[in-house]
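Below are two complexes that have chain A in common, paired first with chain B and then with chain C.
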Partner chain A sequence: MLSLTILQGAVLLTSTLVVVALILNIWRMLRGPDITDRILALDTLYINSIALIILLGLYNGSALYFEGALLIAMLGFVSTAALCKYLLRGDIIE
Partner chain B sequence: MNLLWIPLLPLLGTLVPLLSYRFGRTATAALTALLPAISLILVVQAIPAVFAGEALTWQASWIPQIGLNLAFHLDGLALLFSLLILGIGLLVILYARYYLSDNDHMGRFYSYLILFMTAMLGVVLSNNLLQLWFFWELTSISSFLLISFWSHKTDARKGARMALTITGAGGLALLGALILIGQTVGSYDLRTVLASGDVLRESAVYPVIIVLFLLGAFTKSAQFPFHFWLPHAMAAPTPVSAYLHSATMVKAGVFLLARFYPVLADTDLWFVIVSMVGLATLLLGAYTALFKHDLKGLLAYSTISHLGLITLLFGLDTELAAIAAVFHIINHAVFKASLFMAAGIIDHESGSRDMRQLNGLWKYMPYTATLAMVAAASMAGVPLLNGFLSKEMLFAETLHQATLGSLSWLIPLLATIGGALAVAYSLRFIHDVFFNGEPINLPRTPHEPPRYMRVPVEILVVLCLLVGIVPDFAVGDLLNAAASAVLHKPLPDFSLAVWHGFNGPLLMSLLAVAGGATLYYNRRHLFAFQGQFADFDAKIEFEKGIQWTTEKAAVIHRWLDNASLQRYVFLLIIFSLFVTAWPLLQLENAQGSRPQLPVNGIVLVAAGLLIIGTLATVIFSHLRLLALIMISIVGLIVAIAFAYFSAPDLALTQLSVEVATIILFLLALYFLPQKTPLRDSSPRRIVRDLSIASLVGAVIGTLCYAMLTRPLHSISEFFIANSKTGGGGTNVVNVILVDFRGFDTLGEITVLAIAGLGIYKLLAGMRLYVPAADSEGRPWAKDKNPMMLALISQSLLPLALLVSAYIFLRGHNMPGGGFIAGLITAIALIQQYIAHGVAWMKIRLNFPYHWLIAAGLLLATFSGLGSWLFDQPFLTTWFDYFSLPWIGKFELASAMVFDLGVYFTVIGATLLILANLGQLTTSERPLPGGK
Partner chain C sequence: MESVVHIIAAVLLLTGGFFVFVGSVGLLKLPDFFTRLHAPTKATTMGIGAILLASMVLTTMRDGRLSIHELVISLFLFITAPVSAHMLAKAALHRRVKLLDHSKNAQLAPKAAEQKTPE
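Let's turn to the complex of A and B:
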């Protein structure tokens, strides 16, 4: 029983910290100042979301959320890469 | 014999002239005539049975749900009309062979003509009301094609348009009448309807039925006040006029009167309307015909007048009048067809139809003149010709009716005047054209036509004489059969003798002849009197009306469809706002009875981030790339929310769609200006749009809140209960997609495929402006494909494919499925395009994505069709459990094949769109030829 409470407590604490991180990501995204800062902020937002989803799974004791995290990990990279390619070349497929 | 062949052969025959016109004119005519001739033989074969009182029927189920069967029947009336349509049709084919010039496209002409013939046969043979209407409309359309055959002429186009508008509008009214009849009787079967006269006459909607029905019949048969389209339809080639305005098109209206006579007639309403309209048309047509200088114009108004006569007969309250009407249908068809053909010959051989120029043609074409004079005499109602007999019957019946109470004596008087006018215009036709001095300024010297051009006229004139001299022998049985079908009961006694002794009708005939001769002799005064009236041209008035309507429609169209996307969205949103807000106004309290879920800090923060993301998108909307980054926040948070509220399938879908959307936006942004030019919207517009947006947000938010806080019985219980047992999967979402609602999914992937192909087509051959520098004016980087990106992307590909295979395979039981897996695969491949470029991909992945789409759709469809092999309905799922060593127990389901189809279609469509949009700037871009 006790261990469960500890896990839950840990998950709640971590979640709070991740949420704070999310707020900071948004802050960077709004502030900029450069477009690269904002893209980086979006990418970090993706990574923090992965953490949030995994934590959600831990909290609920369900493995159903893991694929969501997997997809964000994989596809978040694609959108960040596409945005960066756009900054570099404008034409992302050439 | 199969009744279906009678209309089917001509229908097939519409193709014959199109295929055969290369082989010369005679061959075309002969081949075209072949199938209708066989049809005629089939009809003739049926004559003994029909005369014996039998009605042949044939029926097949078509759309039984709406009472529409493919049903034909051949009774006396249908037999009479089929003989006229096919018989005169064949003569017209022969005649047109000589009438059409080398410049006319003979194949097209014959094809239209046979199509029209099919439509008419369909009308008279139909045993189902809806089917009858279908063929009725086909006559309108095919006659439009025929009238506008010389489409280079304004007259022809306008005349055809007028005919189509009037008869089309009438057809709409008729549809209303037929549906009302069908609903009142409870069946669209004609035999059933014909047996339910009392039900119809006593029903409350009877007056509505009558008015709509008569609108249909009167517009088609050119009855007053809808008669004006017929003279303008004379712009058609003369064979068309000979066919349409003698035996067929205009007779469709009186056919309808005859067909429904047993059920709709027999009330005062019917008799008053029908007889009065008929009488007015009879007089107006005959009077106007007298003043027409154009030969075909005279015949057109004479046709109107004779149709009025037939209508009048149907409106007189006696059984004999109905018989006389049927008799006159035959007679008029015969003599009017021959007269139109004669007029065509005169026009063809002399180059004019104007009776002020045509004089004294007797000397040039005595043989044709004799034929035309006999036919014209029949039109006038001269004894020993067929026109005389039916006119006598009319006169006799007008003496025995009481339609107008104590004023009923007016009807015989007016009928006699009509007769006198007919005599006068027939005299004018004969005297002005064939005698009356010498021709004036004719373009050609008139001469006799080719031998076989005259044959159809000869046959018809012989018929005039035959019916006129020995009526009982010539048409007695046919008339009996047709009239008993019209009356739907045993016929009263009547005699078709030429001589009935000195009696009232004969006296009226004599008066008519004398009066007509006097009128014609004094025509100068009459013309002078008529000359005082201003010319009324129906075409001009009609065109005015049409143009007024078009203008008003254009105004409305311009207002609604002004090519402004903002306007469309505005209208759409305003409309949906009204639709959704209205029920909310009726709702007392938005909050329902369900308890609310607990709120925690994480949810609050996520909601806050969602709002910030939305606001930032609006604020940065001028800077497009920035707006795109901001809206990504919204997509991500929504996906997490889906996961949090236990919808993992939705979360996965949302995530993959999100990425595909970003790539699509980036591809498109490249071709757009980097910034919206900062010409801000006017403050008024901002206030307006802001208010609308807030209002919509408030309404939709309230709606969601109201819905979510109420306990609703949804259909999800059923799916949850049956998912495993019925569909063999524990993931309800996926089982719904591939099984319960598999047909919807099939439709959706088809739409996706069409959208993909449509976008491909739009992209083909497109050339766009390519910016040389970014929004800050910096030149683009030199390195096309950075090595780091290329390496990481390449190593990501197998991983991504593995994930997509995993997501696909487990989809039936766990979150996932073909759609998400397809998107993941497509995105992983697009990533290779981004990292390595098109040329690199072309070497490694060189096949058209169209095939992938096609394969996907076929796979999905065949997996559905497969269930037919086991006598199951479309898309029934089969599944079973197997076990293999090492792998253990696993499930195989036919739904998996369907899901594989979805998977392929999604990959194909996504790649077709994204890759081709990306290739626009490369040498691999899609070309207009579809290469």
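Let's turn to the complex of A and C:
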């Protein structure tokens, strides 16, 4: 079936784009002139990894990966918030 | 019917991948922190929304009933992306990260850095 082949090609091409995006993020995280740049790169890194996990779930045709993606979304936001709080106040929970 | 859904999902996936990629290129190439903040918070959020929409469409077709699991993730990301961007901008102002030379209203940055949280 032609449309299924197109869909599989789209999944693979999108995965490639996301992986290249991850590499660019890692580059910014290693290079970042200030620590806020590194935190921003980490934030983008976890969002892109959610995309990669969803694509893996599509590729394998399994619904199991959804919970992992949700966990990463929640913990990633909490970690970004904690890092910003630490930079702003010098403490996380006052 | 099935092939139409496949094509729609493929278009959504490619759109999402393109926007995620553009967000990361912006993160790498833009000149200072405050311009860099734009790329991941807008382009990447839109890209991941499109990818999750594609996953939703395909899962709905495969199971034969409406599947809105992915909507939870996209809603969560759409709420948290501006919040984390705001916190990062506040942290950068607090640390007095260097602005571009031709930033408009650059004289407001020290005042914003001094601002305390309301008691």
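Basically, the second predicted complex is superposed on the first by the 94 of 94 C-alpha atoms of A that agree within 3 Å, B and C clash if a C-alpha of one lies under 4 Å from a C-alpha of the other, contacts with A are read in each partner's own complex, and residues count from 1 in each chain.
In the analysis below, a residue touches a chain if its C-beta (ideal position, glycine included) is under 8 Å from a C-beta of that chain, and two chains touch if they have at least 3 such contacts.
These numbers were taken from a predicted model, which means no experiment stands behind them.
In the superposition on chain A, A:87 makes contact with both chain B and chain C. In the overlay built on the shared chain, the residue A:70 is in contact with chain B and with chain C.
Of the two partner chains, chain C is the only one touched by A:36; chain B is not.
Contact with chain B, but none with chain C, is seen for A:56 once the two complexes are overlaid on the shared chain.
Residues common to the contacts of chain A with chain B and with chain C across the two structures: 15-16, 22, 35, 39, 70, 74, 77, 81, 84-85, 87-88.
Residue ranges of chain A in contact with chain B, taken from their complex: 15-16, 19, 22-23, 26, 29-30, 35, 38-39, 42, 45-46, 49, 52-53, 56, 64-65, 67-68, 70-72, 74-79, 81-94.
Chain B makes touch with chain A in their complex at residues 601-602, 605-606, 609, 612-613, 616, 625-626, 628-630, 632-633, 636, 639-640, 643-644, 648, 651-652, 655-656, 658-659, 662-663, 666-667, 669-670, 770-771, 774, 780-781, 783-784, 786, 789, 792-793, 796, 799-800, 803, 807, 814-816, 824, 827-828, 830-831, 833-835, 837-838, 914-915, 917-919, 921-922. Of all residues in chain C, only 2-4, 6-7, 9-11, 13-14, 16-18, 20-21, 23-25, 27-28, 33, 36-37, 40, 44-45, 47-48, 51-52, 54-55, 58-59, 62, 69-70, 72-73, 76-77, 80-81, 83-84, 87-88, 90-92, 94-95, 97 touch chain A in the complex they form.
The touching residues of chain A, counted against chain C in their complex, run 1-4, 6-7, 9-11, 13-18, 20-22, 24-25, 27-28, 34-37, 39-41, 43-44, 47-48, 50-51, 54-55, 57-58, 61, 63, 66, 69-70, 73-74, 77, 80-81, 84-85, 87-88.
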